[in-house]
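As written, the chains take the letters A, B and C, and residue 1 is the first residue of each chain.
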Amino acid sequence: MSTVTATGVRAARARAWTKLADVASRWAFMGPAAVILGAMLAYPIFYTIEISFSRFDLMTFGAVEWIGFENYAHVLDDYRFWSSMKVTLVYLVFALPLQIVLGFGIAFLINADWRGRGTVRALFIIPMVVAPVVAGGIWRMILDPLWGIMNWAIGLAGFGPLDWFGDPNLAMAAIVIIDTWRWTPFVVLIATAALLSLPRDIFEAAEIDGAGWWSMLWSITLPLLVPIIAATFVVRWLGAVKMFDIALAATYGGPGGATNVINLFIYEEAFRSLRFAESAAMAVIVLVLTMVLTGLFLLGTRKLEQRY
Amino acid sequence: MTAAALHAPLRRRSRLGRKIRIAAGVFACIVFLFPVFWMVLSSFKEQRDIFTVPPTLVFTPTLETYVSYMQRADISRRLINTVIVATGSGLLSIVAGAMAGYALARIRLRGAGTIGVLILLSRGVPPIALAVPMFLVARSLGVTDMHITLILAYCTFLIPYVMWLMRGFFLALPKELEESAMIDGCSRFGAFFKIIVPISMPGLLSTMIFSMILAWEELLFALVLTNRYASTIPVAIAGIAGDTVNGANWGALTAVGTITVIPVVVFALLVQKWLIQGLADGATKG
Amino acid sequence: MSGFHEAAGCVSRRALMAAAVSAVAVTALGAPSAQGQEGLGTPEQPVEVRMIANEAFANQWQTLMVPEFNKAYPNIKVTIDGVPYVELLAKSMLDATGPSPTYDIIIADDPWVPQLAEVGALMDLKGAEAAAWTDAGYDWDDFNAAPLAAGEWKGVQYGVPLRSNMLMMFVNKALYEKAGVPLPTPDLTWEQYLEQAPKLVQDTDGDGKVDAWAVDTYFVREPLTPTIWQTIMNSNGGQLLDADGKPAFANEIGAAALETHRKLLEYAPTGAVSHGFSESLQAFRQGLVATMFNWGSVYKGSAIDEKTTTLKPDQVGIQVLPAGSVGPGAHRGIWNGTVSAKSENRQAAWTVIQWLSSKEGEAWHSANLGVFPARKSTLAARPPVEWLGPVFAALQQAYDAAEKGRMWRIRHPRSDAAQQILADEHSRFMAGQISAAEALKVAAEKIEKVLD
């Protein structure tokens, strides 16, 4: 049995103290974010869940009596909800991959080492900054069958005018175009930063070994970029699900609901029809679905990250 | 055959390839900027010239839209408010978010991963559902129509994004960076601020730009949580666009749209300079 | 030190006593008149009144209307916050249902009064309390019945009409002449209108391409679009709700009105199916369409203001919409001034909107800001500017038609939800996704559930 000396005890206490300090300093990194978000979001999320299970009283803007899943039943019964989910799915399937691929592609293009690189990169941000309402409005002007420059240009090429907002498919295409126009610059922004942070020595070594740019891209650049691509995709996916102001400004959700994405529908139910309880139920459903799908994405990207 | 001769055609090909790359990049830039150009052009037109068939490029320009509208909707005060709120929430979110992202990427911590995922998933809640309860809380605390309320509200959606993006950037860094510093006696915080942050400047700055832009154009929380003192530009824009009395004043809409774009572009151009500077430093440090 | 405290304590206690005594004296002595003076403010202690209104006219009122009001009541400080139209109802409700609302005056759009009234947010403007503050010459009966009814719910008058607006038919006389079609009159029927429409789709510059059409109006998916359908239906005797408050539009009249609304698309510009308020306005102002069904308030910007329109004043005509079997069509859209029931400055608030809707106030309002009046006396008097002449005449016709046919949106605390349902089904029909009968049936079922 070892004798416990005074210095031994002091040393043990010192070790325990540094261990505590170490854990504290680790947690301190997470601290500010967790505190701010916890304080700001706890009540709103709780409130939303509560009123989704209750009858909502406009006089007090609060829940009045517990009615269980009745609001959910109403929502699931409403054809407009399902139609809206389908529209959102179509929009996501087209818009997301397009933005990621286009964004990284353009980042690669403008990353070439030349004088105007910084200016081009800075200018590229501009579409992101245009307010969604204004963006929707400008594109409405551009795509308008009567006044739009797009149809005028198409006319010059010999084709007939396209009814961008009257045809459901073209209206969806219009939404995808506008959203891609607004958000590809974001992907470009992040991708440029990622490309710039890539260590140069690997590329130089590969070049000396005679690798062509295609094989360099495939076996070096892409694997190194996987964490960023995955992060960008997740951020974009979460942002795209919440899109509603572009649809509102450009197509008003029409024609006949063909571009009525789920968040636009929730907004209409809350602010126009003042049906806060049903709107909250829909929000919870969307939250659960988003959580499940995001969880799947994260699992998938973790596997990818481990591979590379 | 010397190595130089072997590589000569490669170099020529890559020079041409480089030219094509640059040209393609510039072309993409022009395509993306065309609608913005259209917007700026329209802001100088009289109302009646904006909707002509076919669209006009030649017209008598007027500054009146800018002059008259600037006073009408209290644009100058709203612009200042938007700058305050965007800067405040941008800075706060980048600090809190980068630290959290670092925690997720580099620090082994039980439970941090779960918290991180939870934070990210909080983005799944449709913001419309959050706006009303936030207003109710703000009202009971008496903090409606204040800048700080808006800044904190914006942080709720900025921090998750910043955290997740920075996590991605931090994961790409070589693992030994801070360990060697800490062995030399640096604290974890010290290692973070003195080593990690400078090296990830491109990512940090880009994420901050993104964060400030998101805050700059946020509409829903601004509508619900402010009345007049902290009202922001997006509210003014929504008011112009949804004008149910006189009809959407497209001249004013494009004018305000142009005004809101300019500060951010200037900011981004400045930041780009630091970005390139930081890279040059990073490159020499190797 | 302690002496000072004692003295201070003594002084403050004495001050308190004095204050209490004087307070009792004041309340005991000059109660009604003193209260009246305080309610309207004094130069040392002005009353502050806060108003929430549509962003579209909030600033105009703040900079032009309030100074004029202050000439009559210098001690009432009015602050107006503008909110975009789409969020105005939600924000008003959020504020009004709170424990101590920020706003003393709520400017409510036509169908919102029942909702605000049902949550107890509004003051009775004809009740005893308000009557004590109402000017003797105010004259409630001078109001046209249709606009005044917009502020009434369950027999109580909660609002006064401040900005009256009606759906009207705007006419481009030049295009009619070019097509050789006689100009419309208030007797024009829908059948005649539809007969003339094909001739109004013309090629005006002879280049082989059609560049002028017969009509443009609301077609897009939005809450105000069904008002066009409703106007057609009302003019043929149809109603939205029956006497029991149940949907009464799912019948042949309603279906025929839907078909007529969609038929208009055949004579409307390319892409009109996505046109709403702004687009139809631009089409008319660019001289591309012969007629437009839109809100009368756009008249100035469409006929007079050179900066926004290519048309000249003598080119533009204005009248009621075509007539059905019962009479001409119109639709009401009134902005009401209401006073918050929980406000601490009810007297001052009522004074503001009372002034604006009084005979003098209305005359000033319409002369200087071009706002449409609701009083018979203002409409009958000589218009302040010449171009308002035909507008006033058309407005009076519209009021009479609207009152006769009850041509307004559903009045019910859940009217907005009902209007959104109408918008959804109407849009599906216009897109050709369902038949008219089906659209009306679905709408009627959903609305019945919502109104329950």
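Observations, loosely collected:
The rule we apply is simple: contacts are C-beta pairs under 8 Å (C-beta built on N, C-alpha and C of every residue); 3 or more make two chains touch, one makes a residue touch a chain.
What you see is a predicted model, and the numbers here were worked out from it, not measured in a lab.
Because contacts link each chain to all the remaining chains, their graph is best described as complete. Two chains share more touching C-beta pairs than any other pair, namely A-B.
Centre-to-centre separation of subunit A and subunit B, using mean CA positions: 14 Å. Subunit A and subunit C have CA centres that are 39 Å apart. The residues of subunit A that reach two or more other chains are 61, 146-147, 270-271, listed in rising order. Counting partners per residue, subunit C has 86-87, 90, 94, 282-283, 288 as the residues that reach two or more other chains. For subunit B, the set of residues touching two or more other chains reads 51-53, 132, 238, 241, 248, 250. For subunit B in complex with subunit C, the residues that touch the partner chain are 46-48, 51-53, 64, 72-74, 132, 135, 139, 223-224, 227-228, 235-236, 238-248, 250. Contacts from subunit A toward subunit C in the complex involve residues 58-61, 80, 144-147, 161, 163-166, 168, 171, 251-258, 268-275. Those residues of subunit B whose C-beta lies close enough to touch subunit A in the complex are 10, 14, 17-18, 21-22, 24-26, 28-29, 32-33, 35-36, 38-39, 42, 50-55, 92, 95-97, 99-100, 102-103, 107-109, 112, 115-117, 119-130, 132-134, 136-137, 152-153, 155-156, 159-161, 163-165, 167-169, 171-172, 187-189, 192, 199-200, 202-203, 205-207, 209-210, 213, 216-217, 219, 233-234, 237-238, 241, 248, 250, 253-254, 256-257, 260-261, 264-265, 268-269, 271-273, 275-276, 279, 283.
On the side of subunit C, the complex with subunit B involves touching residues 52, 54-57, 59, 79, 81-87, 90-91, 94, 98, 102, 163, 165, 211, 224, 277-278, 281-283, 285-286, 288, 295, 297-298, 301, 306-310.
Against subunit A, the residues of subunit C that register as touching in their complex are 86-87, 89-90, 93-94, 97, 115, 118-120, 220-223, 269-271, 273-274, 276, 279, 282-283, 288, 413-414, 416-417, 419-421, 424, 427-433.
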